[in-house]
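Pasting a structure below so you can have a look.
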Amino acid sequence: MMAISTHNHRSNPWPGRLSALLPLGLLVGLVFQAPRIQSGRPLALAFEWVPGLNVHFALLLDGVGLLFALIITAIGLLVTIYADAYMVGHPQRNRFFLYLHAFLLSMLGLVLSNDLILLFVFWELTSLFSFLLIGFEHASAQARNSARQALLVTGCGGLLLLVGFLMVGQVTGTYALSELPGHAAQLHRHSLYLSILMCMLAGAFTKSAQFPFHFWLPNAMAAPTPISAFLHSATMVKAGIYLLARLHPVLGGTPVWMTTLVLLGAFTALWGAAVSIARTELKSILAQTTIMALGIMTMFLGGRSAPALTAAMTFLLVHSLYKSALFMVAGAIDHQTGTREIEKIGGLARFMPFTAAATLFATLSMAGFPLFIGFIGKEIMYKGALTEDVFPGLAAGATLVSNALMTAVAATLVLRPFWGQPRKVHPSGEAPWQMWIGPLLIGGTCLGFGLIPDWVGHWLVEPAVRAIHVTPVDVELKLFYGFNTPLLLSMITILMGGSFYVFRRWLRRRLSQLLPALPITTEGLYEGLVAAVISFAKWQTRRLQNGSLFQYLVVIIGATVVSVGWVFLGSAPLSALWNPPEFPGWLGLLLIAMLMAIGIVVQARSRVLAICGLGVIGAGAAILFLVFGAPDVGLTQILVETLTLIIVAIVLLRLPPIEPQPDANRLQHTLRLTLSIGSGVLVSAFLIAVTQHDVDRTITTFYEQASYIQAHGRNIVNVILVDFRSLDTLGEITVVAVSALAARALIRKKRSAP
Amino acid sequence: MTNLLIYPILLPFATAVGSLLLWRRPALQQTLSLIGSAGHLAACLFLLAAVVQDGIQVLAVGNWPAPYGISLVADHLSVLMLMVTGILGTATALYARGEMAISLRSQGFHALFQVLIGGISGAFLTGDLFNLYVWFEVILMASFGLIIWGQGRAQFVGAVRYVVINLLATLLFLLGLALLYGLTGTLNMAHLHQQIMTQESHGLVTAVAFMFMAAFGIKAGMFPLFFWLPASYHTPPIAISALFAGMLTKVGVYALIRTFSLVFLHDTATTHAVLLVAAGLTMVTGVLGAAAQNEFRRILSFHIISQVGYMLLGLALWTPLALAGAVFYLVHHMIVKANLFLVSGLSRDCSGTLELPAMGGLYGAKPFLAVLFFIPAFSLAGFPPLSGFWAKLLVIQSSLEAEHYTVAAVAVLVGLMTVYSMVKIWIEAFWKPSPDFGPDQRAIVPSAWKIAPVCALALITLCIGIGAEPVYQLADTAARELMAPQVYVRAVLGGAGP
Amino acid sequence: METVLAIVCGCLVAGGIYLLLSQNLVRMLFGLIMLSNAVNLAIFVAGGLTHTQPALIAAGDSVPGASMANALPQALVLTAIVIGFALLVFMFVLFYRSYEVLGTTDTRRMPEDGPARAYPSQNTTTRQEMGP
Amino acid sequence: MRSVILKTATRLVSALVMVLAVYLLWRGHHAPGGGFIAALVAATGFALVALSEGPAAVRQGLRLRPSHMMGAGLGLALGSGVIGMLAQRPFLTGVWWPPSGVVVGTPLLFDTGVFMVVLGAILSVLLALEET
């Protein structure tokens, strides 16, 4: 019986529900490790995996790992709860939870790996599960294409990353992440540094959707919303950020690192922020702001000052919180109203109070209002931007503008949909509790963390920053640092954001005119590249594998003749090859007869004539064998010729006459002639060159000596066949038997056919 | 002296004899064939154990010492290949039991099948070049018989190309042998190594080496000699094409590795440089060819070519790590590729066709089948922690260490395109909703005979991936043996030789 | 002596390749027969033609007295001839059956079914939209 | 049409051919001949019979199905190798009997196997072809 079952539409919800225990357990376990990590004693675990390749299954839980792991498990837990309601009635809901938690584990593995290769393994696994989850609604062509696009873009980066890792291993002799900072100076000086850096950045930038690889992320919104909340805002896209943070003490701090990260990060941030203004669909807006946030983090990781890294880590936490909450809200709205277009919804607060509250908290954090963790994040950001080594002004400017735009977006997200006039679409009431409890909890956390910034700084941010900063630092997060430039900038941000919000319609109009007018987009480039490769592949395959046996043979024979001939010409003194042959006249006659026969077969229009020619050739060869002391071979040759003739008489005459064949064109004819003459000449010359030396007859001499004494036979050839080299003969008769079986099967089938 | 080496040849041949004598008893033939395959697998495993324990094993067939008689030699490379042969032989025998109607399986099928397995084993074991030619012929003839088995129209078209081009390769091989014998006076590979290393007229030997490269290159599907492969591999019954896909080109690769690590070592600067270029082109051409296809088995066929490129790359780089990579790649690829062909058969059963545009919906309808495809497909694409990842890692790492950065870049690019192809099949056959049209949509329920070997092979892929260390160690030992041919030569010829 | 035979070999190869490139199965068959003959002869020639005495040990002797023709290449040629014969027989039958099934002996009229097989173009509409 | 005389003549010819073949096989170890040549001679003889008398006559005269003959021949060849193994020697080692004054040995058994396989194979194809 086929074990492959058909799908069950009323699948049992309990496997999915119980799977929530996994992130819960992990979260609790991690929380208990926090004091240890805070006190600077990382938790390590290592097994040998492939010691031959110096690859270990080594895990390390340190500050930065813990920060990520807590985000992963906490949000993973809430998303699992959320998805229980979101995926209700979906025929593949259990598969969904399977993928979700497989992803969760891979992501955890990624941030806990202490071995580059192990990290890569998890890295690719997250790409793979992301692929499966983006394409989860696989009936939609858009989902399928987005999944493929995401996999190819991140896969390409992944492969480059692997190359980078291997080069690091080659230079330093270790894959252990915890040992790499010790090799930093060596790496910085190495001639491969730039290549390594480029490979690593390619991996990080593709995964974290940095310009110019950012386009896959908005498309990945084809995934179910819990996935967008989890993978494509809070965790997987942060893997690139994680990698940059991890590698900061190893590869960071050089001018090229700083310049690349700051410039690309700033550009990505501005780009994402600007595009998000132009969007009206909830998930699309959130995806664009995610790109912006990832850009900001990259930009800060470009710095090497403690404030810059603190900003990166703090903002990572801040963003993960509010963005996952907002995605879940977007899903809840979609779930209740059937649309995610913000222009179609309004006044939802009265129907969905809990969702509204969650949204309010999350957006306030996003906008950076005081008392929310987002505010603290923003303060640190300005401080970090101003301490960048390269382009501090640009960094500060980019931060300012994108923050302001984000404030506007935050307002857009919460004000009109929840508190504006009710629109055409009315929700059917508050979402199921599973769908608002998560966002509300996260929203509450945004507020709560904002009230106890010291605690957050002490337990979460400081250990993380310490892990990635070259020298130990103290991190202090405060609600109020005093009147200084960052505070001023924060104020300006809110003011600018407010004005952006007021002018949002105008901005959106202008941007939506501007964006499609761009001559090229990187997504267009990607699509063009894929299409070009495919059409090149098709063209090439049509040329090479075009079905013409003639062409195949020409290429194969041509390649062989050219390569062998080229080496041959370079090795043999051609003039020495020719010594006028001496041979008896009768032999000359025989050879002339054979040559004529060759000519006849080649030119023959009639099958019978050709067969006669072949007979002459075969008989000529037999005579040669007989004359030159090979009676067995000669006899066999004659008998084989006879049998061939008999079979030919039976088979060949059932085939049609050989049509006189006009060569299709002159080129083909020239090729035929050239190749046949070339190969003939080559074989002749080669044989002559080889026969210049006497053959080493050591082995034959042994046969001659042993043939009678040891093998009891006087016919040495026969003794070779049945004793010295009997294994050859065994194979040979097998060939004969198999040939008969195969031929017989061919013939028999015909007889049984009607 | 250990007769252990003959069993991988003897058992399949004896099974073939048995099935010939049971000509009128198809059911008995079937049982015998399965027993024979299992016995062959067991023999291969025993031999593997012996080699791992005691090093290179040599059997002087007929008790005639090398280089006079024919020696069978089992080193790590040979036994690894043999082990996979045993696994694939058993797997495809099981699959064939489920796939083909009894009428198709009678009348010599089992004899051909077993002879093919025996011939492949012989080719992996022999230490004599002419004997290798004979085993090649055995393989070739059996494969001729099998590729036309069932006698569909497309099979004839494919078979004509397959037969003509492979015969050309055979004749080329034989011609090369003739010239090599004329130059050295010996056929034993260990002895050839000695003779060539002590000879002055290297130019002619190099030219002969290129002749062998072409002959084996045709078999292996090397650029630009591969045309027969995509023309024919998608035509025969699934079990047969799976066995071919897993084994036949790899016999060619094996022969290339063997000869270019043992016999033709006098001018590696020329030969291995040409191999390197050919390997790169093979990878690229194959993967591009796959990207252009829309039929399940044709995509897989073109991928054989591109993956052969990876293996040749390992040989061409000529470092221990690279060779270990080539060997690992061989083991991984044989299992995975055969499995993918078998999965294509299950998919055809479930959707009635192998043309991707007409397929679809398997992901929803047959999730278990989706898993069975997913594992080998993404292993082929090199995703960790499956076997293909380590294979790819080794090849890339060795090309980086050899500072052949272009080659590494090509390997990476080809890897990416492999992902593309596998994703294409996944999307078209599994994710896409099943289209309403279809020329011959007649789904059937595949039998357990077909599912079991697919599961087993997928499990092996998974195991090689997660427990890569033992396989890597074997590959590494094999590579070290290949890099130090003196060990092989001493094992075969004894202390001094003639 | 060898030189002349080598040239004959070359002529056989040239003729064989010429026929092999003819796109007609019957001619290709002839070409392969010729190539096969050429290679057999080549083994023989490359093995040395220094002696014309058959490799037989005379009755009464236990080792050969006079020098004789090289026996090893002869054995190889024998094996090659028989194998070649077996292959050719199969080819005869294969080509004959191909002609019957495909209706032609012209390889140009035996197209591989390539990638360009036409299917009704599939748009993105799906049979079953699912999901919440 | 088939006269008794012709039938008898054919019987006679095939018997003679078989005798000749067996003779060639027997003496092959010491003089030109051997399994291949013997089989080819026998096959030629039977082929002539098949051409003149029809394949049924050959089948009747043979009594042994060609596929069985191939199987038995291959088995014989393998078996002659296994005898060497039974004697604690490598596969295919020649074993001679009686140990003093050699009369027969496994190589002869092997050659007989060769004979049967080659004859069976050729007849199998020839008869199948004739019968279509």
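Points to keep in mind about this one:
In order of appearance the chains are A, B, C and D, and numbering begins at 1 in each one.
Convention: a contact is a pair of C-beta atoms (placed from the backbone, for glycine too) under 8 Å apart; a residue touches a chain by one contact, two chains touch by 3 or more.
Only a predicted model underlies this, so the values are computations on that prediction, with no experimental measurement involved.
A count of contacting C-beta pairs for B-D and for A-B identifies A-B as the more extensively joined pair. Once CA atoms are averaged chain by chain and compared with the all-protein CA average, the nearest chain turns out to be B.
Each chain gets one centre point, the mean of its Cα atoms, and the points for subunit B and subunit D are 36 Å apart. Centre-to-centre separation between subunit A and subunit B, using Cα means, comes to 26 Å.
Note: centroid distance subunit A to subunit C, computed from Cα atoms, is 44 Å. Taking each chain's centre as the mean of its C-alpha atoms, subunit A lies 61 Å from subunit D. Residue positions 20, 25, 42, 45-48, 54, 56, 59, 72, 78-79, 82-83, 86-87, 89-90, 93-95, 97, 107, 110-112, 115, 126-128 of subunit C each touch two or more of the other chains. Shown for subunit D are the residues in touch with two or more other chains, namely 30-32, 36, 67, 70, 74, 78, 81, 92, 94, 118, 121-122, 125, 129. Across the assembly, subunit A contributes 91, 139, 141, 538, 541-542, 545, 547, 549, 553, 557, 631-632, 636, 640, 643, 647, 651, 683, 687, 690-691, 695, 697, 699, 703, 714-715, 721, 723, 725-730, 732, 734-744, 746-750 as residues in contact with two or more other chains.
In terms of inter-chain touching, the protein chains here all touch one another pairwise.
Subunit D meets subunit C in the complex at residues 30-32, 36, 118, 121-122, 125, 129. Contact residues of subunit D toward subunit A in the complex are 28-37, 40-41, 43-44, 47, 51, 66-67, 70, 73-74, 77-78, 81, 92, 94, 96, 102, 105, 107-108, 110-111, 113-114, 117-118, 120-122, 124-126, 128-132.
Here subunit B touches subunit C in the complex through residues 130, 134, 137, 140-141, 144-145, 148, 151, 153-154, 156-161, 163-164, 167-168, 170-171, 174-175, 177-179, 181-182, 231, 292-295, 298, 355, 357-358, 433-437, going by the rule given at the top.
Those residues of subunit D that touch subunit B in the complex are listed here as 65, 67-68, 70-72, 74-75, 78, 81-82, 84-85, 89-94. In the complex of the two chains, the subunit B residues touching subunit D come out as 1, 3, 6, 10, 13-14, 16-21, 23, 59-63, 108, 111.
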